[in-house]
Amino acid sequence: MDLRSLLEAYKDGRISVDEAERALRLDYIESIGNDVLFDRSRELRKGIPEVVYAFSKSPEVVGRIAASRESLTIVSKADGRHLDAIREAVPDADIHEDCGIAIIGRMPERMRGRIGIITAGTSDIPIAKEAQFMAEAMGVECIVEYDVGVAGIHRIIAPMQRMIDEDVDAIVVAAGMEGALPTVITSLSPVPVIGVPVSSGYGMGGKGEAALMSMLQSCSPGLTVVNIDNGRGAGATAALISVSGRRR
Amino acid sequence: MDLRSLLEAYKDGRISVDEAERALRLDYIESIGNDVLFDRSRELRKGIPEVVYAFSKSPEVVGRIAASRESLTIVSKADGRHLDAIREAVPDADIHEDCGIAIIGRMPERMRGRIGIITAGTSDIPIAKEAQFMAEAMGVECIVEYDVGVAGIHRIIAPMQRMIDEDVDAIVVAAGMEGALPTVITSLSPVPVIGVPVSSGYGMGGKGEAALMSMLQSCSPGLTVVNIDNGRGAGATAALISVSGRRR
Amino acid sequence: MDLRSLLEAYKDGRISVDEAERALRLDYIESIGNDVLFDRSRELRKGIPEVVYAFSKSPEVVGRIAASRESLTIVSKADGRHLDAIREAVPDADIHEDCGIAIIGRMPERMRGRIGIITAGTSDIPIAKEAQFMAEAMGVECIVEYDVGVAGIHRIIAPMQRMIDEDVDAIVVAAGMEGALPTVITSLSPVPVIGVPVSSGYGMGGKGEAALMSMLQSCSPGLTVVNIDNGRGAGATAALISVSGRRR
Amino acid sequence: MDLRSLLEAYKDGRISVDEAERALRLDYIESIGNDVLFDRSRELRKGIPEVVYAFSKSPEVVGRIAASRESLTIVSKADGRHLDAIREAVPDADIHEDCGIAIIGRMPERMRGRIGIITAGTSDIPIAKEAQFMAEAMGVECIVEYDVGVAGIHRIIAPMQRMIDEDVDAIVVAAGMEGALPTVITSLSPVPVIGVPVSSGYGMGGKGEAALMSMLQSCSPGLTVVNIDNGRGAGATAALISVSGRRR
Amino acid sequence: MDLRSLLEAYKDGRISVDEAERALRLDYIESIGNDVLFDRSRELRKGIPEVVYAFSKSPEVVGRIAASRESLTIVSKADGRHLDAIREAVPDADIHEDCGIAIIGRMPERMRGRIGIITAGTSDIPIAKEAQFMAEAMGVECIVEYDVGVAGIHRIIAPMQRMIDEDVDAIVVAAGMEGALPTVITSLSPVPVIGVPVSSGYGMGGKGEAALMSMLQSCSPGLTVVNIDNGRGAGATAALISVSGRRR
Amino acid sequence: MDLRSLLEAYKDGRISVDEAERALRLDYIESIGNDVLFDRSRELRKGIPEVVYAFSKSPEVVGRIAASRESLTIVSKADGRHLDAIREAVPDADIHEDCGIAIIGRMPERMRGRIGIITAGTSDIPIAKEAQFMAEAMGVECIVEYDVGVAGIHRIIAPMQRMIDEDVDAIVVAAGMEGALPTVITSLSPVPVIGVPVSSGYGMGGKGEAALMSMLQSCSPGLTVVNIDNGRGAGATAALISVSGRRR
Amino acid sequence: MDLRSLLEAYKDGRISVDEAERALRLDYIESIGNDVLFDRSRELRKGIPEVVYAFSKSPEVVGRIAASRESLTIVSKADGRHLDAIREAVPDADIHEDCGIAIIGRMPERMRGRIGIITAGTSDIPIAKEAQFMAEAMGVECIVEYDVGVAGIHRIIAPMQRMIDEDVDAIVVAAGMEGALPTVITSLSPVPVIGVPVSSGYGMGGKGEAALMSMLQSCSPGLTVVNIDNGRGAGATAALISVSGRRR
Amino acid sequence: MDLRSLLEAYKDGRISVDEAERALRLDYIESIGNDVLFDRSRELRKGIPEVVYAFSKSPEVVGRIAASRESLTIVSKADGRHLDAIREAVPDADIHEDCGIAIIGRMPERMRGRIGIITAGTSDIPIAKEAQFMAEAMGVECIVEYDVGVAGIHRIIAPMQRMIDEDVDAIVVAAGMEGALPTVITSLSPVPVIGVPVSSGYGMGGKGEAALMSMLQSCSPGLTVVNIDNGRGAGATAALISVSGRRR
């Protein structure tokens, strides 16, 4: 029941003043909020999958959550035991061992946007895949270039040309170690870039810390970042940029 | 001279093989790069101001740079002595003491996009203004809401409604202390949000560290961040999202 | 023998001056301290369980300690091997695998107070349970609301209403990741809130660090914190607030 | 206009359905929230002063805020220039140079509770005073013991006896350097203790870091902490514990 | 051959000038150093065991080193696999599983000094034992008091009285968590105290970090520290203080 | 009145049971503690100066404290304004601008021990002087060697020979930057060494952090450390080692 | 086809203007870069092995990469499972379990330079071997001295004499714990020294952090560093210094 | 007197055995060390200037040191007050205000080598000059390229071409902010590169921390680093590489 119907129902005597007050105060306050704020975002967001973050949950809990899902759901940061629990709970789940992801439910068929995804090295691929699955689940096509490197800057030019030719709306760049690639890419890109530091590397600045700091310190305007290994968040934001931009 | 003209000039004997080689190797290699990559971004980026970061430069150096500028330039992170040097070097510069910014040259008149800017408290306003001037210099209009807070969550609803009504393409949220506001805003926003941690706060997690970490840890998809106090970068990226999205 | 009896025994010649001096100096100094300071706290604290922190002890040591307990004892931060050692040593111990807790002895029956316990997500539940068992062992009833979230702020209102309706004396809020929930809860709460950062989250600010810093930076008066994952300490303090307040 | 009056006004035709909807949606949503949640807390919180945190604001901004206040307001973390601006803006403000505090408006006369405040050394006194003024502004009397130390543990006993005799409801303990005093006090206290790390100390663990960490690591149940130098937050929470406990 | 004999051998023609030069330059330079500097320390140090730090070595390497020892050797920080390798290599080694120590060779029989060793809790005992074995291997008797705590300060008095009665020359205090005990002990001790932070504790300041910082920040003169878990170093230094002091 | 006199006074009826109880409980508990524990340390400690740490106190407070001292007092970490306040308050104070120290009262004349003090460079001298004044105030003579360096290891041998010839009981080594000197000195020293990291150095590990960590990681048994720049603590402990050792 | 040939082919009509443009723009841009910049470095670098960093890759991926190599390749930071995968994929690979290295292909026979490699302790040997294999694969001979120590400085002299006698062009020094050895070596060395901090050590500054900081803080000119455990990078740079220096 | 002369003097009876022993033990041990080790390095190092690090010294001390110098000396990290003290002490000193350097004495005239120096931005120039003056003082010519940037990678090619054409033996690259330039330069360079992180930048990773970590994490073999802002050390090492390489 929407707000205006409720007011009318009260005026018509179909509900008492107590019922109206209660509905307005507690039960419906969420609907009001949604009604007010989500009118326009609902269309945009339609198809955003549920995301379950397996990392700090037990396999049992993850399995139980997976079994209860009715709409498209992505389980990320899952280890082998989490994935086994999902397989048992949802036999037709789409399991990706190499990046710790399980997809439950049906991916969208119509593509509503297009983004680019670039990795510096092969170690960054699992995180890039997390971004890719998230974006695809939101109906956004991904143009992918792996292992572009930064040590050989001449290798960057062809992938960037492809991104521009394919007319992507945003580019996700996953890089560990020194994390210099997003800065270089941003200097060449006409669209926003989202840097994803990857937890490779050892010693001082290892586990993605140098990469994150380097991206935060970057002088290239147009670059924003997500946390270390948060491919999911980068993919979701890049997809949102693409979908919002194309809605006009 | 573009690449094809150069090839023809060589074929026609107007330039020698040595001149052609030299042009291709060294002098023109930059143009080639630009030609290849920046065809499409040039239009988008037209009007992006030069940015000079005063913080780690002496007032003399900043004054000299300011005096030499011919196109729109924004000097940021300038203290009183930097601003005095600019005033002397460029008497008609537009000086903003409260946020350490000087604008040299003419701001664009035609607006090509629209973004929102929200601050958690009054301490965050100088950084928000940095974002605003940067975006406006890129021809993007800014809808601004200051002092929205997070301790009283009911105060968030009206500003968000305005952002949606004004149809912004991205929202910059500046917040210090605990930095929770961008997470809450992102949960309500249909467009991408860029969090700017602000270096207020003291003690453990002070100077923007807690705010940055909190934003990086945020569960709300659609939120990316820039470094502490980097209003300039947030404004530039939000403006780029708006302009890229509207070019279609 | 209390102090006055001792003085009298000495005056009456039942003990020598040497015995009196020795009793006062060494053996009885602890009793004096207790006598002086703990008169009033004893009643309040009656029923406070012993707590054994298993984390940095070997399973053998934990088992031996468990077997030797005569009064109510809570073993916390126990892993599977610790719990097995307890099971063997105390077959009727109450074992909670999901939160690493074993309860040895009898829980109090009469409830002397009431507190609220709220978690941001499902990952925070084991730590919340640690708080709950600790408070219940102190004779304090717990009103529990799990998975309240912060990304959807409208979901906070109903649980808070319940806390107020149930007239709790303090609220424990367990939250990992960005740790924003305790700040929001405190802004709505008429009673003190104790934030427990939870060691979920990865990357920069992960393992509860962002959550702790965010809570320490919070602007909401009425919020204090305990260390990351210290559900036990939060539960004990909340219970102490409730019991002290109700003693009047 | 409260919710029920609004409903009746609509039913009676005094306001149109559009007016009713608008009132419910945007303008009144804050009141609804307040109405629902703050019924009970309002009484408790009556008399809570506004707090202005001067640290990251310019003197001009602080002066302007001070001049605009109509109810009791505490300005904290103010340096000499902030205090001068307040003096000029509000000549009868009560200025405390030694702890960077200005009190604007009238302190409450009736005391509604009582807390204890203890410092380890003389360096901790300014922060302790911040707690004291905050609590007194909330109508809570403060029993104060300065310079209790931890290096001479025998000096702790008399102050603790006084706290118990005065029947305080909570104790704020401010300590810098190694920060051991709150742990020792908590072990002797029948009421909750709030530790305030103070930013004295130099070298590794200096500026309050060791003190904060030591308090977070404390084994004494009943101890919670606020951030380094946050006397204001500790005083507010201790006062809230006292007032909530005594309302019954 | 000592230095004077060498000079005489040369003068007497028993060795050539080349041989003398070579001996002085390279081969004997070490002996010279020893001769010059260690005259007095040799007596003191006689009986100092070799120490092998197993932590970052493979079990094979540790086993091989153990088998090759001819004088008293202590292997510390050994895990189960290191200890197994030692057992196989040196069947009559004295193995202490609970503190990861193996003693190879014969402990001294005559005691040349006496120190005290105190722990805050049971988790600190393995590190205290490391100190104890090291000191005993240097011929120094250890007066040990475990589990003294800091939360109950009255429990500290009797152990301290014993330390004084036994006339120890130095006291090693091992403490994890908040690490307050060494500060308190030092305030009561007439002899130097060496604090050993222990890597118990979790969350912020865990793994001994808060304990180390707290000890470094301590105001009690007479306290120095060694690194986290370095029981071996604390025991060696305390023993050296005792032996040096008693040589007079 | 000592304990036994008090017991007799009570037995003789000179004081009532109430008076006896009160004396034993509160007023005299400090004396009892002192009586029990400090019998032996009092003699050793006789002559230990009061130490006032100026750093986190205002000049006014430091001046007032200085004026009130009756026995030997050392004010350390004093800046120019602190020293001016002391000069005004105590005109005949002995002021040492170069190391921020003021000595109030009379230094002891009879030397009861001897220690060595070594610095790596000239930047370390102010901290070394802090150690020296503290030790001399405790009646301990100091053998001083400045600017010994570590980059030229051959320069270490003569100073060490002198330390041994002078028969020092402990050596304080102050070193900033890489902090390697205490490790090297300890390898050559027959007596305990106390390392004082000095807050020179810039960049990563600057302000004494690398020096502290390097000393904590040192493999040389016989080395303990105090906090960065804590010359006072190192001097006091070295003096205590010397005085305790010589009392036998 | 080099640049000049391409220009001629175009002039001669063997390729069209479109083909020429395309070749210059995209396909050949890499060659141009190489051609321009790498003329001289190619000779020097001839024989530099490919390096595969196994740490953050799965065994399957590492095995696949190993199988695909045609030229000399070094796999570093490989654990047991990585090495098993390599053994299966490339049966004649040269596997070094003790330092996690696999060498695929043929090492060079002719030595083009000579460097020294020194370790402080036995724990540093695996990292030193990484440097050695890397340098040897680049055709550079290694003079190796293990277990030189820093605690006994007299033990440093003979190894240094050997380095000088063997006329090495650079010295790699691997050291964990306090990391003082590279500073001491550099003070004695006529050639550049590269410090490699090793991740041994525990507690504060452990895992190579103190060693790295100590080396960064070193006052000895001639010392540069690589990251913790980066033996590979140190070996490659030392070899490059040797080969570049000898090419003249 | 060298070693052999001393032996002869003793044999000839010109000095007694006591005198010979003493000379060998103490006085001459330094000469022996020098004699043994510095034979070959002396020639190389001839002309290395003394370096005085002003940062942590008072202006008076720096002035006094400057006045006492007889050979070429470089004072670095000097602020205005240090430079004034030098000006007064040594009127003809060569003062460089912009990089805090004073040169006392005569720079060498003959150049013995050649290195390259590159900066990412104008903020990095003062540190680059420190490297330049140090190298020039060692008789090494510097090819300098300022403000090369990393955001526009095409701008890197011409400067690199110049470095190769000028046949430099090593390249110093100074870069703040994200510190990516040394990685890119190393990928293009046939000679060793020394990265100098510069303390520009603010927020997370500011003050050179991100730059240092990024360089330490770099994948480009041939890159080593010095500490943040240590231009002096980088210049000295690059010069040493050049001079050692050219001595053959």
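Think of it as A, B, C, D, E, F, G and H in the order they're written, each chain with its own count starting at 1.
FYI, a contact is a pair of C-beta atoms (placed from the backbone, for glycine too) under 8 Å apart; a residue touches a chain by one contact, two chains touch by 3 or more.
Just so it is clear, the structure is predicted and the values come from calculations on it, not from any experiment.
Graph distance from chain B to chain F, where chains that touch are one step apart, equals 2. When the partners of chain A are compared with those of chain G, the chains appearing in both lists are B, H. Overlaying chain C on chain H by C-alpha atoms takes a rotation of 180 degrees, rounded in steps of 5.
Different-residue interface: chain B and chain H share under half of the residue numbers found at their contact. If you average the Cα atoms of chain A and of chain C, the two centres end up 38 Å apart. We define each chain's centre as the mean of its Cα atoms; on that basis chain E and chain F are separated by 24 Å. Between chain B and chain C, the centres computed from C-alpha atoms are 49 Å apart. Across the assembly, chain F contributes 26, 29, 33, 36, 53, 153, 157, 161, 188, 199, 201, 203-206, 209, 212, 216-217, 219, 227, 230 as residues in contact with two or more other chains.
In summary, the structure contains touching chain pairs A-B, A-C, A-D, A-G, A-H, B-C, B-D, B-G, B-H, C-D, C-E, C-F, D-E, D-F, E-F, E-G, E-H, F-G, F-H, G-H. Within the complex formed with chain C, the chain E residues making contact are 98, 122-123, 154-155, 157-158, 161, 176, 199-206.
Looking at the complex, you find that chain E touches chain H at residues 3-4, 7-8, 10-11, 17, 20-21, 24-26, 29, 32, 35-36. Partner chain G is touched in their complex by these residues of chain E: 26, 29-30, 33-34, 53, 55-58, 61, 65, 77, 197, 199, 208-209, 212, 227-230.
For chain B in complex with chain C, the touching residues are 121, 150-153, 156, 177-180, 183-184, 186-188, 201, 203-206, 209-220. Every residue of chain H that touches chain G in the complex is listed here, in rising order: 33, 36-41, 44-45, 48, 51, 53, 134, 157, 160-161, 164, 169, 188-192, 194, 212, 216-217, 219, 221-227, 230, 232-234, 236-237, 240-241, 244-246, 248.
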